[in-house]
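Scroll down for the structure; my scribbles are underneath it.
Chain naming follows the written order as A, B and C, and within any one chain the residues start at number 1.
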Amino acid sequence: MTGGRAAGRTGGRMLALAVLLSVSPTVLLSAQDTTAGKKVYVKWCAGCHGESGAGDGPAADAMLPRPRNFTGAVYKIRTTASGQLPTDADLMRAIDEGLPASAMPAWKGRLSDAERRDVAAYVKTFSAFFSDTSQHIVPLKFASAPGGGSGAAALKTGRLFYDSIGCRKCHGDQGRGDGPSANTLKDDAGFPIFAADLHQSWRFRGGASVEDIYRRLRTGLDGTPMPSFSDLIDQKFLTDEELWRLAQYVRSLSPAQPPDVRDVVHAPQIAGAVPASPNDSTWARVDRYWFPLVGQVIRKPRWFAPAVAGVWVQAVHDGKTVALRVSWDDRTQSPDTSWLAFEQRVLETMANDDSIAPKAAPWPDQLAVQFPRHLSEGMERPYFLMGSATDPVYQWRWTSQPARVVAGLGRGLEQFDTLPAAPAGQAAYDHGEWRVVFTRALATPDTGNEVQLAPGRAIPMAFFAWDGSSGEHGSRMAVSTWYFLALDRPTSPTVFVSPVIAMVVTLGLGMLVIARAQRRAAGV
Amino acid sequence: MSAPLPPALRRYAGHPFWQAVAILVLAYVLVVWVVPLLPGSAIVPKSVVLQYMVTVLVGVLIYVSDSEARWTRFKEPINAMLVEPRLRVVRSGVLTAVTAVVGLVAYGQVKTTVAAPPNLRSIHPAPPTEITFRGKSITLTGLENPLRQHADSLPTYLAEGKQVYYRNCLPCHGDHLDGLGHYASGFNPLPANFQDNGTIAQLTESFVFWRVAKGGPGLPREGTPWNSAMPKWEDFLTEREIWSVILFLYDQTGWKPRTWEKAESGGAK
Amino acid sequence: MHKQLGLVGALAITVAAGGCGGGGQERAGAESAAAGSTAVAQAAEAPAAPGAQGGATITGKIKFTGKAPANPAIDMSEEPKCKAKYTSTPHEEIVVVNPNGTLANVFVYVKSGLPANATYPTPATPVEIDQDGCHYKPHVLGIMVGQTLAIKNADGILHNIKAKGVKNRPFNISQPTTMTSNRTFTAAEVMVPLECNVHGWMHAWLGVLPHPFYAVSGTDGSFTIKGLPAGTYTIEAWHEKYGTQTATVTVTGSETKTADFSFAAK
């Protein structure tokens, strides 16, 4: 029943969109004056896309994916068949809403409606294809989603086709972009390109909804290795409903909503020992927190292609010991020599501060969790980017090879002094995901260097991650700012005393008011 | 009034109590949903919403209590709710709801939870009078952008500044110079928004030079240097490149730098 | 891997059982077989243009000097179905030197010299390219503007075929099972690269021309372009690694002229 209603709603939305599409492409941009568009383009777009539209502006080589090259008129996000030009509405969507997880921002609200239309018209002048009247720009006819999309049967069907039509070849068995062909992928210009991590739908360039995913399956992402699956439907090798099931399955791999960034990781106090294993069933019951990571662009050599988009963090404690689990998606269990050629292409593609371009090497994967050495009463803490010579930070560092965890003092990016005592650490790699658990006593003997963890306080904490197979090592890494860890105390029953008193008083007063009003009414 | 209201609705619409309820609902909708849609505004914080609502409520109460007759009519539905036998269910409902809300608010107050400490930070701390740039001493007080003295070369400097911006500043400060680059969400505090009238529009170019050259690590304590992701650009850029990119920031946003002669001229678009 | 193969099999069964799907599959197969034979015929004898019945012939050999570089070996362990089609390690086909010392896979075509306004009918028979043993067959081929390219997948495993034309719209379609997709090209372009991204070693080259005067050097290194009207032509020979060479040839009547090309190892 609910499924039917949901389908009806989606159908309505699709109908509205179809009407919009059928009207807009012809009227929207045809008779625009491109001199106005050129002005907007040169001022706001050329820095990335280049004066000549070739995707080669000064910012281009500090981006992966790189800015669109407009001269070939090849666009990834369209509603048209593979090989066709995008509709004007497709272009306007990219300009208005931007492309998630890329440097392309949403220009709606930044540029006026007229400016955005003008610039779209100007962008079309970079390719002769748009003035070629033999090009038919027709959006594909998309059926609306069948209901029951989140049900087990639908997802099972979707998974069946995920396997049978070969999605896993690039996207991997569990969808984290770690398939056997992933390390060979290039876009049409020869730049390295990653198969999408299907567990992070909020980073999909074409949008996160089931409808968006279905459209990408139908249209393909032109200029990339992602093909169109429309021929399969046309030739009845696959029904439209089955392709929708696949889209629904892909959508189900990511959280329903993009993760909120909350500042404080709350570690509940549990009875019994804390889980030391990354696959302990306790972790399934503990709230997890998402922290986005970005490229280290503060100290030389900078890094503009961070491979780890963020980490999921969970923590528990038992009053004596804390266990912290950090999980993150990484398409390779580094070092992995089968990725060396891909790593080399990434290093050659990206802007570089060194005089000599770095050479690919089999680096390990790494993760660092950072704390101040001491918890100060004020807000002062060490420099977030691995401390400084005068005010070092205390870090736990895990490496995949050699497989170990050490603790040490970071004195800036250049210096890390290992301490004799390290937290216990266990790591597991599972189909494109690392899970690492650190366990340490709250109180330690080395109070001078090691942070003393205490319940009821906000303990500053930061994260750094390296994917060796993407060429990350040293200062080429993904970084976070300071966040916090809080070891919660178990809720004491006394907490409920005052709310109960307040409620009793309110109820009493309320009844008194009613009684008085009724007496007075009866009296009158 | 285009169409006459049905009599039942007209009775409600003309009643001061229901008018007051309608005004409160309308005010809430305006503040929470309509105001954020206006150009240049953001979501209104909860505390501000509360403040607005209290103001509206006080205004409404002053109005209804202004005349004795209106005040009596205003109280009618409340009184009816308390007394009328046919409204027994409504009465119990209101009593239960009020009690539950009080309980929840009290619980929220008492429950201890660890929150992130407030991040009190001076956004534009006082600059030093003099800095050392790559070993060279530069006096900031009274300093203007030296590139502005060469009017005919300005297009060249601007083009150079644009290159510097897109190669270096873009990931954080963004395509629109509004501090919302693709790396911005990873940092706290957020990168400066140059489009806002509270940043470069209020500052002299020498102040901006100091902030660019020395970055986060060069901030005084009140600027929370430990949080700032602003690099120390003297490690990357020459003096001329920094002055060029400052020219670009003002040119691209349309702001005029604050000048030393007449400091009040800043902030003009 | 076994599990995945099982599921591919399951899909094939689903498709076959799915009513019209089964029929479509068979029809596509029959069509492809017919297309295959005509494509071969076309390579041997270029279809005659109107008014050029008979016509002149340009023939020649593509010689190769120096030591042929080794083609990279292909690791097909991820694709047991393809791997089973080879008795020894398969290699890429970047430089294929024939036993007689000639170079195969050279695309030879009339670059210029044809009457400016001449048009040539588009053959109704499609040109076929097959994905067989995780290789494109043929590796180099020609097609006329508007003529159908029938893209066949004999392997029955996931291939995507991506055409990276610049003058033609690029496309990228998925073929996860035994099927045929048809596409046409709108503009002359030498060459349109074709590739499969699932199997990074799979490359093919498609020459799109507005006329039928082209050939590909085969296992004996020779080529023949037939049916040319009298005139002076610039003939270009294109190789994916060694680039292009041109020759000027004048023909009259129904004579046969020879134009040999020679590529040297780099």
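Keep in mind that, in the parts below, a residue touches a chain if its C-beta (ideal position, glycine included) is under 8 Å from a C-beta of that chain, and two chains touch if they have at least 3 such contacts.
In this text, all values refer to a predicted model and were calculated from it rather than measured experimentally.
Undergrad: By C-alpha centroids, what is the most central chain here?
TA: A
Undergrad: Using the touch rule from the top, work out which pair, A-B or A-C, shares more C-beta pairs.
TA: Pair with the higher count of C-beta contacts: A-B.
Undergrad: With chain centres defined as C-alpha means, what is the inter-centre distance between chain B and chain C in Å?
TA: Here chain B and chain C have centroids separated by 62 Å.
Undergrad: Need the CA-centroid distance for the pair chain A / chain B, whole Å please.
TA: So the centroids are 26 Å from each other.
Undergrad: If you average the CA atoms of chain A and of chain C, how many Å lie between those two points?
TA: Once rounded, the distance between the two centres reads 42 Å.
Undergrad: Could you say which residues in chain C touch two or more other chains, in rising order?
TA: none
Undergrad: Could you list, by residue number, the parts of chain A that touch chain B in their complex?
TA: Residues in contact with chain B: 43-44, 47-48, 57-59, 62, 101-105, 107, 109-110, 261, 263-264, 266, 292-295, 297-300, 304, 351, 353, 379-385, 388, 391, 456-458, 479-484, 486, 488-489, 491, 495-496, 498-500, 502-503, 506-507, 510-511, 513-514, 517-518, 521.
Undergrad: Provide the residue numbers of chain A that touch chain C in the complex, in ascending order.
TA: Touch residues, chain A against chain C: 72, 74, 82-85, 129, 134-135, 160-161, 163-166, 168-170, 180-181, 184-185, 188, 220-232, 235-237, 239.
Undergrad: If we count contacts the way the header does, which residues on chain C are in touch with chain A in the complex?
TA: Residue list for chain C touching chain A: 3-4, 7-8, 10-11, 15, 18, 20-21, 24-25, 28, 78, 157-158, 160-164, 166, 169-177, 179, 181, 183, 186, 197-200.
Undergrad: Can you check the complex and tell me which residues of chain B touch chain A?
TA: Against chain A, the touching part of chain B is residues 39, 79, 82-83, 91, 95, 98-100, 102-107, 109-120, 162-163, 165-167, 170-172, 174-176, 178, 180-183, 185-188, 215-217, 221, 224-227, 229-231, 235-236, 252.
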